[in-house]
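Two complexes follow with chain A in common, the first pairing it with chain B and the second with chain C.
After this line comes the complex of A and B, so read on.
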């Protein structure tokens, strides 16, 4: 088991190094002088300001140093938590922008991931090999999982926000609300949170329901299930065992779809003007604020690595085979 | 994408009667027939639709924010600035299929090369390739694409598709590797080795044909995945710079307050088309799975 974790940690460490290297290399690989392009694109009228910006970037990228030194400095500033400065909100550091945005994104993502996983698995397991349920749940799940996240968000805003006026259509709380730990502010925040959450929840729910349904059918066709049936075990018991075995790939799947659901959260936030990472990255892209884009990229990588590690630990707890040294066949 | 789940049919030796049997089940599988017809219908629409457009997709000049009408060929209405939504829609539809084909094709090709090599060679080669696969698998590809696309000064639909292709292959490589492992141990592969054929000939003449149905299903999923990723990228403002895609239409409609102004004809068809294409591909995939894997057939 220790070998299993060391292997995993090695892959994650390597991934982190590769990601940081890519993050550093992309601006260097682009044709031409990236700093000139950057300053040119910001379209500053005043040549003095442009010169200042140019100097700032030259220093920030350390472009006057040899390449290996530039790379070294990139790592050093990274470990000091220095991801650069935003152009759009000039003196604000990228780190502080991210720190302010992260609670909103996590507040959407974590409940959406966990609840959709739970509900999807339950419903998928119920639907398997049951004609009526299967014929309704399955097509709906396929439609949901094929829906682009932002389109569902757009539809929800249009129907429930604008046409029916049941929910607010932007931001994390009302502009007039008084911030604080009060009952009314909490309700206001929940009211703003619900639609973006629902949108994320629904799309990922579809995928989990389909996955679980298919897995359960496989399990019900396996020898141990037939054997149990032959012994006269009640259907409920057979299904219970099938569910437990079908769970394992679904846990691994959690790590696999993480990237897709994060992408979903980013675009959902854009539709709802919800002030998380997605909204920040959209602002950064439309305003060519490159340090923010690169910083958020690194931040997402770290988040995904941590989440992957958590999934690994959960897997070891859930699957006894990994504990007695069989390593679960994954590496 | 385990959520959509393609699961390997048991590899078996090909016989003449099997083709007939497959066809027999294929034509009677409602999921397969439904999925394939919707996909083909959308493809047909993407191919011939643009010939019926009366205006170039980016041209201004129609009435502003007009609902769908038969007048002047503005069948899907116009945007806030008077562009033809129908013309934009069919252009976007073509690009969606293009991105799916190129992106899915490249991802499938890389996945096959990596998966076959790792599974057939085993040993140190496998270790290295497996490590590479795991690294790319863990990196959230969408975030990576964001950074790359943001730095590209001009973007075309082809570069977008190529980048999607070279970032979305890992799960396919993993699945092919596992399948190859199980086939390499079989007697007929040993026989082929004894005959002295080169490794790649053995892979393509003996191993690949025995998992062709699996490879095809994998390509379908990669195809649909590429369309979804492209739409998301386009929506975030990183789409191709010289044309219009379905994702960009969604972005522009949100940016121009189409929701507040109730211009539903601008944003409803875009997502509906993506949902129809990707959803029918997934359904088709399950149908294929049932055809090739007798265990899954409905009783």
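After this line comes the complex of A and C, so read on.
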């Protein structure tokens, strides 16, 4: 078991270094210079002053150093827990931008992932044994899962936000809301949260439902299911076993699609102007805010790696074969 | 197992929701206790948007991304400038005048108080002027020419070493924000700290103060009206009506449009394509009821790289200018939301500087036939496809770029390409994202770009300085702020410098220099003026009425940086609540005494007219 985890940790460590290096390199290799935009926003009448301001900010961000040195400083700062300062929102620190944005993103992601996974599996399992459900849920699920996150989000904004005016289409709370632990503010936050959540939920739901429906049908046709039936086991028991076995690929699937769901959350936030990490990263990329891009992607990389690791552990717990396999036994 | 899953899922969902609520409530707010208010009362709140892109960086007016309203609502300036009348307004300064060629005297208005109750004095002004000693201040170049700044009571005397830059200095007087020395003195100690200074509760002299509990860098800045404001107390200006002003961060044009239509925003300062239709159907209103709907803000032009062949030939540039159907851009692309630019490019606010005779003699007009004739007479020949070639017989294929996604400019680009093609000039669109476009423009890696660089100001010097600035930097970052067209005309540049050092009272010399500079522009066309971008402002009347309008309430209707201290701040004073109730919960004393301009104060501030004093010669006269 320990060897298994050490091997996993090594792979994760290696992935981390490579991913973070790419994360650093991409913004730095993009054409353009964010400091020019920063200085351009200050109305300066004398080019000498503009040049001095430019030099000042280039030094402040270490952008006047050769790339290899910048890369070195990047790792040193990283180990000191310093993600740097936003260029466009100077002097705001990247950490404060991330800390501000994380709860919004997690508030969307965690319920969307877990609820869609749970509901998708349940409905998929039901669809596998009821003709009516199979004929309605299956095509709907195919349509949903094939829908790009952004497109569904735009559709929801158009229908429920603009045409029906049932939900707001921007920000995490109303412009006139006073923040605090009050019912009215809580309801306001939920009102703003619902549509972005729904768009993430629906797309993911479709995928899980199809997967589960197919797996259940496969499992119910397998030898052990027929054997149980032949022994006279009740249908309920047979289905329970089929469901458990069908869960395993779904857990693996969760690990595999985690990255895609996070990417989906990012674009969803942009559509809804929901101030989470996706919205911030979009701002950062369009303005070449190197340190914000790096910081947020770093957070996402770490988040995805941790989530995958958790899924690995969960897999070991729910599948006795893996556990036994790791202990040298035979399944 | 199933039940465990269900409980876990529901539990996690609740935790996540709670996390969102907690962060939203605490978030960036420095204080975590809840406010007694359930929400800012909409009937006392004005909601604006269209100024802040991205997160709000903070409250430092020396950086470019400070909270909207920082200068104007909170911090104030010594003077203000009215672009409609062309007059300066004595504001924190009772007067600001040249007493000798190198001596500038500022008399601070008495009775002005900082938000913390301390009186605003001459030494506070001197402190703020001295901040320009740091090379991270945008006024550092002016400070280098200052010999001494001395404050005695309410008087500040500035003595210059050499001939002062009269025009730049005058411009600085209505742009340098007065920040509180007691709040900043110990923090701003060097050039770097001037750029990082960003207090959570900035203390100013203006009518509003920031509500730090409401501030959220990703969403909004909230301004709360002070109980007392010197200008209202002294009867110089009516008190602004809204108790709260909330400026929302820009999200997207689509969301802006939705927010305007839903009445979520009262004032929106985005360019909203097709807004003329909403005005015509009465859904929103604008400064003018009909075209051009908006006041002008800056000149959009076609910027040729004058170092590239054949754009280095003034005749070719003129032919190019004459090939462009500007009216098509104005009527079809902008649907008359903009005005076509004068051949001088000078904004309407500078119309008094336009030399009509020079325009008649040198101005260009759209005429494909004339463009063709010009090129043919200059020796340009056509190739087999009918397009003009360089004089050496090589192919002409100019690239033209605008920042990707700026749809109005993209449409203008296509119209320019198409009309130039009719005149035999081959131009190809080149798609570049904003950063690449900007970087290429600064380093000269372009043939043609559509651009707009210099905002409306008190003097066309800012415009000429941008166009003719020398030297042209070819290394490093290239041109950062000026002369992107790389036009080298030392005589014109000398005139620009001379203009800067001409006293504002010498109107004849100023007129003459302006005339020469515009003649050069029209003859050489280092830039091809196309149209005037507007001060985009859409008002909704769901909650507030009596918005700025031509003829009566002639105020700059935008929250953009630099505009509130023009007459932007005045737009909040005549506002009325829909339904007529007075939202002002704070008593405004009736005006007393005399207005600084000399005229007796009106019995009560009129809601229809500007109630501030203009400096018709006392402080600083415009040319």
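Convention: the second predicted complex is superposed on the first by the 273 of 331 C-alpha atoms of A that agree within 3 Å, B and C clash if a C-alpha of one lies under 4 Å from a C-alpha of the other, contacts with A are read in each partner's own complex, and residues count from 1 in each chain.
The rule we apply is simple: contacts are C-beta pairs under 8 Å (C-beta built on N, C-alpha and C of every residue); 3 or more make two chains touch, one makes a residue touch a chain.
Small disclaimer: the values here were computed from a predicted structure and weren't measured.
Trainee: Applying the touch criterion given at the start, work out whether A:245 contacts chain B, chain C, both or neither, answering first, second, both or neither.
Mentor: A:245 contacts neither chain B nor chain C.
Trainee: For A:70, select first, second, both or neither according to whether it touches chain B, chain C, the two together, or no partner.
Mentor: So A:70 meets neither chain B nor chain C here.
Trainee: Name the contact category of A:114: first (chain B only), second (chain C only), both, or neither.
Mentor: second
Trainee: Looking at A:286 after the superposition, I want to know if it touches chain B, chain C, both of them or none. Which is it: first, second, both, neither?
Mentor: both
Trainee: By the touch definition at the top of the document, which applies to A:149: first (chain B), second (chain C), both, or neither?
Mentor: first
Trainee: Between chain B (first) and chain C (second), which, if any, makes contact with A:95: first, second, both or neither?
Mentor: The answer is neither, since A:95 touches no partner chain.
Trainee: Per the contact definition in the header, classify A:162: touching chain B only (first), chain C only (second), both, or neither.
Mentor: Both chain B and chain C are touched by A:162.
Trainee: Where on chain A do chain B and chain C both make contact?
Mentor: The answer is residues 30, 34, 37, 161-162, 169, 286, 288 of chain A.
Trainee: Under the touch definition given earlier, write down the residues of chain B that touch chain A in their complex.
Mentor: Answer in residue numbers: 1-5, 7, 130-131, 134-135, 137-144, 146-148, 150-153, 171, 224, 228-229, 231-232, 235-238, 247, 250, 253-254, 259-260, 262, 264, 267-268, 270-272, 274-279, 281-283, 286, 295-296.
Trainee: Where on chain C is chain A touching in the complex?
Mentor: Residue positions touching the partner: 1, 5-6, 8-9, 12-13, 15-17, 19-29, 33-35, 37-42, 45, 47, 54-58, 60, 62-65, 135-141, 168, 171, 175, 191-192, 195-196, 198, 213-214, 216-220, 246, 248, 251-252, 255, 258-259, 262, 264, 433-436, 438-439, 442, 455, 462, 465, 469, 473, 477, 479-482, 561-562.
Trainee: Going by the contact rule at the top, pick out the chain A residues touching chain B in the complex.
Mentor: These residues of chain A touch chain B: 11-12, 14-15, 18-19, 22-23, 26-27, 30, 34, 37, 139, 142-143, 145-152, 154-155, 157-158, 161-163, 169, 204, 207-208, 210-211, 214-215, 217-218, 221, 249-250, 252-253, 255-260, 262-264, 266-267, 270-271, 281-282, 285-286, 288, 290, 293-294, 296-297, 300-301, 304-305, 308, 331.
Trainee: Looking at the complex, which residues from chain A come into contact with chain C?
Mentor: On the chain A side, the touching residues are 30-34, 36-54, 56-57, 60, 86, 88-92, 96-97, 100-104, 106-107, 109-111, 114-115, 118, 161-162, 165, 169-182, 184-186, 189-190, 193, 244, 273, 275, 279-280, 283, 286-288.
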